[in-house]
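The following blocks contain the structures, represented as structure tokens.
Shared between the two complexes below is chain A, which pairs with chain B and chain C, respectively.
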Partner chain A sequence: MKSDAVVVGAGLSGLVAALRLAEGGLKTTLVAQGVGSTHLSPASIDVLGYTPELVESPAGALPAFRTEHPEHPYACLSLELIEESVAWFRERTEILGYTGSLEENLLVPTAAGVPAPTAIVPASMAAGDLRSGGHFAFVGLRAMKSFHPAYLAENLVQAKLPSGAAVEARAVLVSDPGVEPDVGALDYARAFEDPAFRRAVASELKVHLQPGESVGFPAVLGLDRHAEVRRELEDALERPVFEVPGLPPSVPGIRLFRALRAAFRRAGGRWVMGAMVVGASTSDGSVTSLSVRAAASRTSAYEGRWFVLATGGFASGALHLDSYGEVRETVFGLPVWGVPPVEEPRFLPGVFDDHPMAKAGLAVDERLRPLGPDGAAAFDNLFAAGAVLAGAEPWRERSGNGLALATGFAAASHILEDAS
Partner chain B sequence: MQTVETGLAELVRGSLDHCVKCTICETFCPVSNVTPLFPGPKYAGPQAERFRTADATFDASLDYCSGCGICTTVCPQGVKIAEINAKARARMKAERGIPLRDRIIARSSLMGKIGTPVAPLGNWFLQNRAFRALLEGVLRIHRAAPMPRFAGRTFQAWARRHPAPASATRAVVYFHGCSTNYYEPRLGEMTVAVLEHNGFRVLVPRGQDCCGLPLQSNGLMDDARRYVRRLASTLAPYARRGYDIVATSTSCGLMLKREAIEMLDLEDDEDLRVVSSHVYDICEYLVWLHERGELRTDFRPLPITVPYHAPCQQAGHWMGKPALDLFALIPELTVEESDADCCGIAGTYGLKAEKYDSAMAVGARLFDQVRAAGSELASCDSETCRWQIEKATGVPSVHPIEVLYRAYGLSG
Partner chain C sequence: MSATAKLRTEVLVIGGGSTGLGVVRDAAMRGFSTVLVDRGDLATGTTGRFHGLLHSGGRYVVKDPKAAEECIHENWILRKIAADCIEDTGGLFVTTPVDDPTYADTFADACRAVGIPVEEIPVSEALRREPRLNPGISRAFTVPDGSVDSWKTVWACARSAESYGARILPYHEVLRLIVEGGVMKGAIVVDHRSGEEVQIDADFVVNASGAWAGRIAAMAGCEVTVFPGKGIMVAMSHRLVDTVINRCAMPSDGDIIVPARAVSVIGTTDVKVADPDHWEITREEVQKMLDAGENLVPGFRSARALRVWGGVRPLYQEKAAGADTRDVTRAHALLNHRTRDGVERFVTITGGKFCTFRLMAEETMDAVCAELGIERPCRTADEPLPDSESRRYYWLGSRVAQREETLHTDQLICECEFVTRSDLETALRRRGTTSLDDIRRMVRLGMGPCQGGFCIFRATGIMHELQKTPVHVANRALLDFVQERWKGVQPILYGDQLRQTRLDEWIFQGILDVGHLPGDESRSAKPEKVTT
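So, the complex of A and B:
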């Protein structure tokens, strides 16, 4: 298959890079072994949440953060470019109504009752902003085993907010008529698309609410009709309603995935799902094609002028640590940066310890091209984005989706510069 | 008795250990998204498989899996969910007995052989309401489910009489499948015309019979093996001589590409291996030709709007939607790509009375999109999906090859 640009990976960074390339007029193919991170993570765009101190303004904290962490992917990106990526993203996802900015982080509750710093959130989460405190009721749906509003509320009232404001929170259980026991987020999301179901929930809930309380639901308020679902609940309950993201599958993430995939298709992008990239052909310092496992007993060559590696980290198989302690990048065999020698400790006993391996990934040049063994760009037309990059600890920094968005956007921008 | 699995079979089953319970497959499952009768691919697959033994499969809800294969395609960890479920379903049906109905509808070439000489009568019966009510009562084949019409002639007979063009500069083998042979011989004729227009001599090996897919999806694994081995032995001599093999039936092509190897444990079949490495979906093949500058692009303007649905079985080819690339070559043609994953029929699934409602609910999104397009024509690569779309929407549905055929201005 021939394309101008081939993007490997369908997580947020791959989706963003592919959409930007297709919109930029390049014939773009996105190829992925499977669906990526969108379905597993809250759809908020966390740019920088902890340094490790709580970040109140990503725009304010980023310059110093980049200076202190020259190996961090953010060090390859200008603040203007990060801002541009956020503005671009908000336009492409208009249907989800993202709000917020890099100037000031919002604080939105997690399902565990932690006020989490994040730069922009879909409209469905906006009313959960805790920065100035407030009164909140969190709704428990009895058959939903992955969301525990009492746990959430009890943790949240103990949280210390930078503003010093107080949060009052409590749990309210509803019996959710007509839903079978042991159902997941997606079943509820579909149930809420049924007007009769949400009316029944609202009428049961309404009598339990106190004046001034905003209402937090688990993030299951509809799929394609989410705006209508939330508006109707707000009208019926006569107060702000918001979603709290929880365990996978992430319904807000599915909405985000669908919005970006639809935009990519509209832009004429080619979408190949299920196909694993198993190798590459290179010539004179350039990648000429990717070798993709076809369903038949053969591989197919995906030729292109530019390639974006958005394959993720260890969890998605982009990086592999074998039983001999060798670490490799699985498509090109690129050197993995940040791996301690085999005789030194790589992992510490505690799950949340500072593991020496935590920042492993691909090192890149200022144009996000992965470095080869000699420290120069391995190939002039290969770019990397997202979780495959070295130097970040997104789960500590609360930077995962921000990094995915900014590096996916930046990789595509560099390619579009080359193409013009 | 515990069977020892080795080789590919073990890799397929062993892939369940890669499941991280991320639930991505469940969010894409067309069936569990519309009915609680099927608990979803993760539950029925990597989870339930841990409790199954060679003798006991326990959970009958697996029967409601339609076998569309989307779960395997979207799994980011490479778990062979659909393959695990197909094999477990076969074991379950072996334990519990396979209904006569499933034994009948799984034999598409036998039906074709019986129906072809008596086509007018057969078609009359299959469209007759009283007969369909009887069929539903006796065999549990839903009265409203789509049924193909016997053509009354076979593509094989046409191909035998069809003279090879004198101008051909290259040759390709055509695997037409049962539906083209007995129900849609015109599709075969148009495929030959499109290929000949591009300078091919089209070889149609005689004695092509069923690929075994409907047998496999109904749990008749031994019969399926027999059929697919026979088909592979018919096609293998051509593959060994280096001929490419093109298929117009999406699901039967996929059977030859990988499903027979993975689901029927036929990795040791040399014929199947060589055939697998030479089989192409027809649109995949034409795109490949185009990218090498070898496809004629003398298309006439076709000023119509066509809603296009890529069947779920096509997703299993891991090749995207090549028909869209071909449509893009046709001047003035407007294509509305459906974003629905499945039409619901899944081969023989939607024919079954107890599954009909689920199948129609699965297809509802697609049917709405086809109707909303307000077009005289829809397009879809897979035959059973075309029959399902036509029956549900009343919009005639054609293989992408027919669109190309029209745009080339071919006749005959």
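So, the complex of A and C:
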């Protein structure tokens, strides 16, 4: 099969790169084993949250951050490009109504009750912004075992906000009768799409709310009809309603995945899921095709002029550490940067220590092309994006989705430059 | 300093491992009033940190026939009284390509001599039963090995003892022993959860503190030398084998795989350490275990390693010995400090193995009775432990069967280990603890493949709600348990478990941002006592 561009991976960076390439007029194929980071992540775009001090303005902090971390993927990207990627993303995800900017991080509550810094959030989370304090009621659903509003609220009231504002928060429990005792996020999301269910929840809830309180729900307020669900709840409760993301699977992340997939398909992209890249053909310093084994079928060659490796890090299996301590990149066997020698520790005894291997990944040139053993781009037409890149600690920095977006966007931009 | 509280008992048992619980149950069943103390929770020393082998005795039969004979004797008794704690996996001794082929006949003869039922089966039959076994094996013997859950056993002993009036006091550490005029009178202990000191007056004190026995004995001026022999174990995800697999050779490093619940445990090493509380698991030891696994089950290295842990065997020898603790007898030692050191009403029971804990307890209480000049027979070999009355063995599907019964009435909090919300709440109420690790040992919370990635947060929320735990205490419980789970995966992080760990990091740091939870920065080592 022939394409102009082949993107490997359906996490945020792969989705972004594929969509941008397809919109740019290239015949684009996205190949992935399965869904990726979107189904795990809260769907907010964290660009830079901690350095490790709390970052109030990503735009303000990025220049110094890039100078201090020359190995970081952000060091390959200009601030303009990062801003451009965010603006582009907001347009493509209009249906989700992302708000915020790089100028000032929002602070939105995690399910543990930490005010977490993030640059832009979907509309469903916007009313949870804590920057200027406020009064909040968090809703516990009886059968939702991964959301504990009293724990959340008690932590949140202790938040020390940069503005000095106070947060008042408490838990309100609803009995949501008629459901099984153990209901997952997706099933709740579907239940909320049923008008009768959400009306029942709203009417039970309403009497317990106090004036001035905004209402935080676990992030299960509908899947495809989320806007309608939230609007109706806000109307019924006569106050702002927002979602708090929690343990996977992430309903807001699935909405984001669906929005980007739909846009990619509208742009004429070809979508191949359940397919594993098992090898590559190369010639004269270029990648010519990927060997792709689809589920229960034979291996076929996916030819292309440009390739984007958006396969993720260790979590997705893109990078593999074996029992002898050897690390490899699983598609091309590219050298992995940031791995201490075998006899030295890779991980330290404290779970939150600075682990020597935390930043391992692919080193890239200024055009995001992974480097080969000689330190030059391994292939002239292979680009890398997202968690496979070396130099970042996405969770500690709170930069994961921001990096995925910016590098996926940048990789596609470099390819579009080459193509024009 | 005078103790603020006082307790009075006939028999005080020091040490909450299998031996101590065996003694306290035996004492209670003989009609003594009895109290057991441990500095930590029950079964957190050596008892909770071995591979879970119910010995047939085959392992020691050539080197230490006396220990082997005790093993098979107790094996039959435990099957009778602790069936719910035992999976009847059976065991195989196989001669692998690296083993001395002449050992097999010596082994079989030695088994017969001490009464271990042994039967040679054709290699083809062994491979049919265990298809993953190294096809290069040359001999195979069946023995009645099994797999035993030490936590379940210890907690069942505790419940049994309590039903006979015993008091079990975890988190009570002995500060001093009270010896007056050459007679043991009791102990001053500190309750780590309240900070309060308690004086326990006793007619008799049994030191059952295993690898720590020397420290306790020294408090009464008695010199007892116990060599802590460190052994490490690696749990592999899945049942790579369904039978206990032993190398048919003299005991050495990495010569056994024990199928335990949904995992397989490979063990072990034996390294003398200076201090039973301070030692490390080295990369070399882990690599040695993986190589050993590869020899028994080819492909072992590409399987998923879940967790590694170590324990220290209490190896007692009256006279000084060399560095190789493996040469020290695995038989136990009962020391009468009246005849040995001139301290009356005080004995130490140490050495031995988990499998012989009941016998050790019986001999100890026989000695106590003799010292007190009274005759009360032991009944522990006849009365089944709680939940083992039906004498049906635990089997792999037990928990699935239980879960199916509550499918529509209860929440699953730990999906890996089938821990329901009721299980968790019952354990929280029963223990009144804020340590999720204490709860783990009771219900296996967080012990499966994801090592707590999902259930730790849920359990924290439930604990906070149920016990009205102050939020900073709940936060500490969460962080401590995340750290406790990390401790066991950090030395074996590779392959699929590394993938899992990255997901767990994503959850705790990315989604929940627990690194920025409010609360006091200091972590207390001891959980708090709460009442619900």
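For the reader, a short list of remarks on this structure follows.
Here, the second predicted complex is superposed on the first by the 415 of 420 C-alpha atoms of A that agree within 3 Å, B and C clash if a C-alpha of one lies under 4 Å from a C-alpha of the other, contacts with A are read in each partner's own complex, and residues count from 1 in each chain.
Convention: contacts are C-beta pairs under 8 Å (C-beta built on N, C-alpha and C of every residue); 3 or more make two chains touch, one makes a residue touch a chain.
Here the structure is a predicted model, which means the values were calculated and not measured.
When both complexes are superposed on chain A, chain B and chain C fit side by side without a clash.
When the shared chain is aligned, no partner comes close enough to touch A:Val207: not chain B, not chain C. Of the two partner chains, chain B is the only one touched by A:Met273; chain C is not.
In the superposition on chain A, contact is made by A:Val35 with chain B only, not with chain C. Of the two partner chains placed by superposition, only chain C is touched by A:Arg396; chain B is not.
With both complexes placed on chain A, chain A has more residues touched by C than by the other of chain B and chain C.
Once the two complexes are overlaid on the shared chain, A:Leu186 sits against chain B while remaining clear of chain C. Across the superposed structures, the minimum distance from chain B to chain C, using CA atoms, reads 5 Å. Taken together, the two structures place residues 40, 180, 248, 315-317 of chain A in contact with chain B in one case and with chain C in the other.
For chain A in complex with chain B, the touching residues are 1-2, 29, 32-36, 39-40, 180, 184, 186, 190, 248-249, 254, 262, 265, 270-276, 292-298, 300, 315-317.
For chain A in complex with chain C, the residues that touch the partner chain are 40-42, 50, 110-114, 116, 143, 145-148, 150-151, 154-155, 158-160, 180-182, 245-248, 313-317, 320-325, 343, 346-352, 394-396, 398, 400. Listed in rising order, the residues of chain C touching chain A in the complex are 283, 287, 290, 301-302, 305, 408-413, 421, 454, 457-458, 460-462, 464-465, 471, 474-475, 478, 482-483, 486-487, 490, 493-495, 498-499, 502-503, 505-507, 509-519. Against chain A, the residues of chain B that register as touching in their complex are 20, 22-24, 26-28, 33, 36, 72-78, 254, 256-258, 261, 273, 276-280, 287-288, 291, 315-321, 324-325, 337, 339.
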